[in-house]
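Look at the two complexes coming up: subunit A is in both, with subunit B in one and subunit C in the other.
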Partner chain A sequence: MKLLTLNFLTCAVKACKSSSDSFPLHPKECELVSDTIPPNPQLIQNVLPRLDWRALSTTASELGFPTLPENAPTLEELQKDEKMMAELHTLLLETSVSEGMLVCGNCGHEYRIKEGIANFLLPNHLV
Partner chain B sequence: MTNRALELLDLSSPSLILDVGCGSGLSGEILSSIDPSEGGPHVWVGMDISASMLDVALQRDVEGDLMLADIGQGVPFRAGSFDAAISISAIQWLCNAESSEVSSTGRLSRFFNGLYASLKRGGRAVCQFYPKNEQQRTMISGAAIKAGFGAGILEDDPGTKNSKLYLVLTVGGSADEGTGGDITGVVKGMEGVDVLDARKKHREKGRREVKKGSKAWILSKKEQMERKGKVVKNSSKYTGRKRHITF
Partner chain C sequence: MMPRVYHIDVHDLVRLASLKNVDSMSEPRERIMLPTPSTSHVPYERVYEPAEDSFLFLDTLSSESEKIFLQDYFNQPREGSTSKNSSTPLVVEIGTGSGVVLSFLHAHAKNILGRPDILTAGVDVNRFACKATTETLRAAELVQDIKGWSHGFYLGNILGDLTGFLKPGQVDLLIFNPPYVPTPELPQLPHKEAKTTTTYEDDSYLLSLSYAGGLDGMETTNRLLQSLPKILSCSRGCAYILLCAQNKPEKVREQIQSWGSGWAVETAGTIGKQGGWEKLQILRIWRTH
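Up next is the complex of A and B:
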């Protein structure tokens, strides 16, 4: 599960829909792997306005990455700064969680990740 | 089918796509192999309920992210996450409810509401599906409209054995001017597409008014009264005629 996807995932439990704590999901006991993916600067420019930067820095610090700058770079800054672009590419697309758990900050539900696949199936009473 | 769906989505730059019911990742492979000159490669996230199908996808080593999730339980993504969504031969399964605790209408509405929220404004979703009958088809498209989508159905090769139904959903108004933001705007400029707009026909029917005092008007009033349970005289060829002056 790429960190990019993690930045969009929320808790699936119905009662958590209205709570702000249900996003982002907190990774727990995670194993990370890194793949090599050809750089795709246009995609990063495309998703940048939709990224929740605060959530991304929370996730990154929880996974033990160096802290990110406080504010998200603007599109122009990113276009000029190739190093920034490469770092974002490594963080968002090449790093992925292979094993571990995602925990909701509101209800505490744990979603298991096995071989990179997160299990979001819920028992009927939580839907 | 995936290529046809991509054509309907009309994406011009690398995008984030949700693949609903990705199965073994066949359509995802096409998404990640789109040439840069055609606006690819796209990054996708696949959802499927079947663990064994996802296992096949793992062995094939697909590039997208996979999730084990039931789309009938909703789409667990933050609002406005995706540029587009694609679904190949999956959403007819929403009509099946495994136990009495869940209803097919509830599953459909949860799915379409979740999908509507997770797409960005101006985003599109194309769902290819095989409805069992006409009733299922209206049930699915009705649920999509209820969730707020601009919905329309595109039928390829109608009447033949390999006819394919594509439910084309749009969120909000389209970015470019002139298109209505629904399927008629999507297929505009495509070759060999006949537009059958059932809504327009319905609207015109309502607008045509009958002249007060005419025979048709009298007949419709009599019918109305009869429906209310009033005693109404029989209609004949003399109904609505003027009496002769010498009477």
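Up next is the complex of A and C:
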């Protein structure tokens, strides 16, 4: 599962829907895999406007990546900044989570990731 | 159902590689040339095998009328955006099974959606289906790579029930081939880790999740429909959902029409017309801005 997926995932527990602490989920004891992917600046440019940058920054720093700037670069800034483009390429396109857990900051529920597949099936008492 | 004429097996890739001079050709423009993703590795004893409903999705999504709609819908700059290009669409299939539909869209994104920069993700309640989808997708991607053609960007598959774990307002294109067969009751969803080895009963249970739809075959589809306004992107959300005749499609359309003026619904594809009833049909449900 690509690290980028975390930008679209939230806690599945109903009671957490109204809490801002349920997004993003926090990686715990995660094993990361890096795939080599050919440069794709067009994809990064088109993904950027739809990202929740703050959530991405949180995820990146929790996984030990270099700290991202406070605000997302604009398209013009990104086109001039090769280093930022390379960092985002690694972070968004090349990095996957293969094993570990995603933890809700509100209820503390842990979603297990096994063989790159995150398990969001809830135990009966939480459905 | 027999595999399509253009079925390509992973084992044929070596032979395909020798045909690499097809590079000079542009990407195919006709449905007849779009290969069906190979699913020969899928364990059909516990994962739904592509059947006429799956193939109706392939034919519908790659039909001229749907391509025109999708290319227009997903190439308009979003409201408030300053760039000429609209942002990358997120495509999510719920209930991927073998992964044949998601892989088809993923591999032929440029042909169908008019742009290769799509993010794709799959969801299934069956872990074996999640794994199978990833393999189907990789094989379809490899076929595109060998030909020097484009494909989408796959995020992964998630083991889960419908959309409850997706951040609201993010999905731009949702595909759902539901468990639509009317059954006396709905099987319970799995709630513990699937075992790595399965018994015959386990396999039958996993397969029942892919077809058993409860009352009118609509219990799962109704839950998905209810989540659409929340899950679909506010500026360009669109869903393709399959129904069978016993699902009372007219009632479903009326229900969506009652959502108000921001929504539209149309039949995008049908198969098996009998006495005025289509056996299967795919509804396109979308926000009209």
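Definition applied: the second predicted complex is superposed on the first by the 124 of 127 C-alpha atoms of A that agree within 3 Å, B and C clash if a C-alpha of one lies under 4 Å from a C-alpha of the other, contacts with A are read in each partner's own complex, and residues count from 1 in each chain.
Following the convention adopted for this analysis, contacts are C-beta pairs under 8 Å (C-beta built on N, C-alpha and C of every residue); 3 or more make two chains touch, one makes a residue touch a chain.
Only a predicted model underlies this, so the values are computations on that prediction, with no experimental measurement involved.
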| item | value |
| --- | --- |
| Touched partner set for A:P39, first subunit B, second subunit C, both or neither | neither |
| Subunit A residues touched - subunit C or subunit B, whichever exceeds | C |
| Which superposed partner A:G105 touches (first subunit B, second subunit C, both, neither) | neither |
| Touching partner for A:L75 - first (subunit B), second (subunit C), both, neither | second |
| Residues on subunit A lying within both footprints (that of subunit B and that of subunit C) | 1-2, 4-5, 8-12, 14, 23, 40, 42-43, 46-47, 50, 52, 93, 96, 115-122, 124, 127 |
| Complex contact set, residues of subunit B against subunit A | 13-16, 41-43, 45, 47, 49, 54, 58, 63, 65-70, 73-74, 76-78, 80-83, 99, 101-102, 110, 118, 120 |
| Of subunit C, residues touching subunit A in the complex | 78, 81, 83, 85-88, 90, 117, 119, 121, 125, 127, 130-131, 134, 153-161, 164-167, 170, 189-193 |
| Contacting residues of subunit A [partner subunit B, same complex] | 1-2, 4-5, 8-12, 14, 23, 37, 40, 42-43, 46-47, 50, 52, 93, 96, 115-122, 124, 127 |
| Complex contacts: residues of subunit A adjacent to subunit C | 1-2, 4-5, 7-12, 14, 23, 40, 42-43, 45-50, 52, 75, 93, 96, 111-112, 114-124, 127 |
